[in-house]
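Letters A, B and C mark the chains as written, and numbering starts fresh at 1 in each.
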Amino acid sequence: MDPIAKSLKSTSVSAKIERRGKLITQLCTMVIVLLVIAIFAFIASKGVAIFGQDHGSVLDFFTKTTWNPDKQDAYHRPLIGALPMIVGSFAVTLLSVIVATPFALAAAIFMVEISPKSGKKFLQPVIELLVGIPSVVYGFIGLVVIVPSVQKIAGGSGFGILAGSLVLFVMILPTITSMSVDALKAVPRYYREASLALGATRWQTTYKVVLRAGAPGIMTAVIFGMSRAFGEALAVQMVIGNAILMPTNLASPATTLTSILTMNVGNTIMGTTANNALWTLALLLLLMSLIFNIIIKYLAKRGELK
Amino acid sequence: MKKYRCGLFIVLAVLCLTACSHTQAKEQTITAVGSSALQPLVEAAGEKYNHVNPASFINVQGGGSGTGLSQIQQGAVAIGNSDVFAEQKKGIKTSKLVDHRVCVVPVVPVLNKDIKVKNLSLQQLQNIFVGKITNWRQVGGPDLPIAIINRAQGSGTRMIFEQQVLQGHTGIKSPEQDSSGMVRQIVKNTPGAISYVALPYLTDDLAALKINGHAVTAHNVQTNKWPIWSYEHMYTTKNPDHLTRDFMKFILSDEFQQQDVKKMRYVPIRSMHYRQDYQGNKTKI
Amino acid sequence: MNPKRTDKIATTIIYVMATTIVVILIALLLYIFFAGIKTINWHFLTGAAKSFQAGGGIGAQLFNSLYLLVLSMLISLPLALGIAIYLSEYASAQKVAALIRSMIEVLSSLPSIVVGLFGFLVFVINFHLQFSILSGALTLTIFNLPLLVRGIEDALQTVSNSQREAGLALGLSKWETVTHVIIPECLPGIITGVILAAGRVFGEAAALIYTAGQSAPPLNFSNWNILSLTSPLNPFRPAETLAVHIWKVNSEGLIPDATAVSAGSSLVLVVVVLIFNILARYLGNKLYKRLTGE
């Protein structure tokens, strides 16, 4: 065969590189998919052990309020009432997200729509710095500053859902803000131009066009904030009081799934009922973040501009 | 690009060569995992041991007594540190382990400084923690509700305290904290707070209680006049390697016991006049 | 109400809220600064930590934090780049891409303690890596990936399609377009993503307690034998990071100056993140100029 035909029939260098490149990216994606599946399978298998080998009752888990997996009730089932922690986790997460989202959005609108220059120079670096502060530090500031203030205002010991939410508010603010900024920036310029050309004011443009077009991105920001709040352990644990009691008001000691998990995991023996019960909490955390994810995806789809 | 790769290879080769030349001084290491309360003591021992035997490294990690016992049982580490007897934890086969009691740890009830109660009987203390006494007025203090702060379920300090003070009664549900440092912070800042810490963690900003008129001193612990104490344990397997054995010997040596153990306010193991089993029964030696 | 009035009111409210945030954030930073500045001196920055006496330093911890960061970035950055490129450039079925994205988002919402325990049981115990920097770095990769992938993918999306079309029209393959046109173009965006992830790595404690460990054996900075336990470069040695150190001295530490040490360490952490931030921005801009020929 002559060399020209040969070179025409064989794959070019460029095509080889292309194939190799695509393969690499696919492999990387495979790695993360496998990793996620491995973690899920791992936590799920550990998390259901309490209902299988230890004969725990799923109904008790969601409705009872006594948590003492080492002890058994009259039917020889471990006492695994997780309701107080479930309520506590939901309460701090929702409260902190509800408070933080408007502030984060305001900051994002300020940085993107009103004053991009001072936003980029001032607000963005500060926000990026705050992400780097360890949660222990947030917890300590909460303990020194927030708990005593709550004590003065609401009475009681100051430990509780309110203090936990306030600490989380500060912690998730940077996450939600920086991601909302990205979402707003991703809205094409001509949307704004079209709206302004129709005679709309800046606020009307922001509210009716930009925020709506950016809704899916903002929703994602909120999910990330929520999941950070949900999964946060050390800081919340320091200010919430960690009493496995149903919260009676915002300033009474309560607890969350993560703080019970973090606090007790080192004190239990692998494979015992007490340890399995903690893995069930981890599984629940995982499932709840999955559910949040699905709900918000659905909302975002409905809010999207058609 | 090629140039960089070449350079990288050279650097790696050099590193490997230096690695080979150094390995002649054979480094040995063992890992001790478990109780975070015992960690500072074992760390200090490890540092001193390393000064005497420069090629031996003791790697000390926390993680909690449960982790320590789990890991030594699986044989994943050389030493499992624990605040409690292995018999007190479900799921541990104690026949496979050897218990080394390295020191005695007294546990002290602590109060917020604003409460001017200095002394309680053991019975009064029990009544507070089971919820029969709920106001400081009932034991001669100010009119202030009692705020109990517990350690986490299964924490060593709490198990010692409940064994010696509650003696089988169920305590009331109350806020929990997972470390001595947090307990200290919270008792300091909360009016009417009561909790308990191991003696090494007692600081001036907390008020320590006397029990039945006795203060927490080494002497009172040795003679069991101070009733709330137990052991710090280091568990090994039946046939530990040479380094583990030698290190255990070092920790139990008079030199280390009389200097560092005392300095950290633990009570040296051989000075005790009483002995305790895992059910909390005490007998005179 | 007339639209102009509404516009003014809304703008004022946004100004007020944005200012509130700035005030909160600045107050927080100032608090950390003034609490920690008293402790900082050369001895504190370079000295070895003490187990129960006062006057310990954070030299080894600081180095460990940096080394762990570098190591975990070495593992996670190439992976994240690959995943982001696949999701944004190659994935043809949108449903599959969406599914993978959801998986990544769920991964990022895992509580750090759960990831830490997973790392402990898998890397430390099953893979026999012991308590080591490598175990820590692998565990941190699980955290890093979601943030990095998202950051990089967002950055890739900001490059307009005309650039991709131009690349293809010049006869470049898709891969060449991505590596030679798109990535150089969105490099600053990628760097921002990396900084944010780096900050998270720096502040992470719960996941490292059970993987990289809670003790820092003293390091010998003249020992370059990568297999020696005192060598700073050995990836198989246990390494307590700064964030873990803060957690440790506050929870079960016996040192009498725990408050000062933790305040000083927090300040150091924040300052390191700041330096890293500035450096990355500067290098990013330089690289951007070189690669795009501006």
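Here is the rule we go by: a contact is a pair of C-beta atoms (placed from the backbone, for glycine too) under 8 Å apart; a residue touches a chain by one contact, two chains touch by 3 or more.
The shown structure was predicted, so the numbers you read here are calculated from the model rather than taken from an experiment.
Viewed as a contact network, the protein chains are fully connected, with every chain touching every other. Among the other chains, B has the CA centre that is most remote from the centre of subunit C. Chains A-C form the pair joined by the most contacting C-beta pairs. Once the centre of each chain is set as its mean CA position, subunit A and subunit C turn out to be 17 Å apart.
With centres taken as mean Cα positions, subunit B sits 35 Å from subunit A. Chain centres here are Cα averages; for subunit B and subunit C they lie 33 Å apart. Listed for subunit A are residues 262, 265, each touching two or more other chains. Shown for subunit C are the residues that touch two or more other chains, namely 250.
Looking at subunit B, residues 36, 62-63, 67, 74, 178, 182 sit in touch with two or more other chains.
By the touch rule above, subunit B contacts subunit A in their complex via residues 36, 62-67, 69-70, 73-74, 89-92, 147, 152-156, 173-178, 182, 185-186, 189-190, 193. Taken together, the subunit A residues at the contact with subunit C in this complex read 14-15, 17-18, 20-22, 24-29, 31-33, 35-36, 39, 42-43, 102-104, 106-107, 109-111, 114, 122-123, 125-137, 140-141, 145, 170, 173-174, 177-178, 182, 185-186, 200-204, 206-207, 220, 223-224, 226-228, 230-234, 258, 261-262, 265, 282, 285-286, 289-290, 292-293, 297. Residues 15, 18-19, 21-23, 27, 29, 31, 33, 36-37, 39-41, 43-44, 47, 57, 59-63, 67, 74, 76, 178-182, 200-201, 203, 263-264 of subunit B touch subunit C in their complex. Listed in rising order, the residues of subunit C touching subunit A in the complex are 3-4, 6-7, 10-11, 13-15, 17-18, 20-22, 24-26, 28-29, 31-32, 78-83, 85-87, 89-90, 100, 102-115, 117-118, 121-122, 142, 145, 149, 154, 157-158, 172-176, 178-179, 192, 195-196, 198-200, 202-206, 242-243, 246-247, 250, 262, 266, 269-270, 272-274, 277.
Residue ranges of subunit A in contact with subunit B, taken from their complex: 68, 70, 143, 147-148, 157-159, 237-238, 241-245, 253, 255, 262-275.
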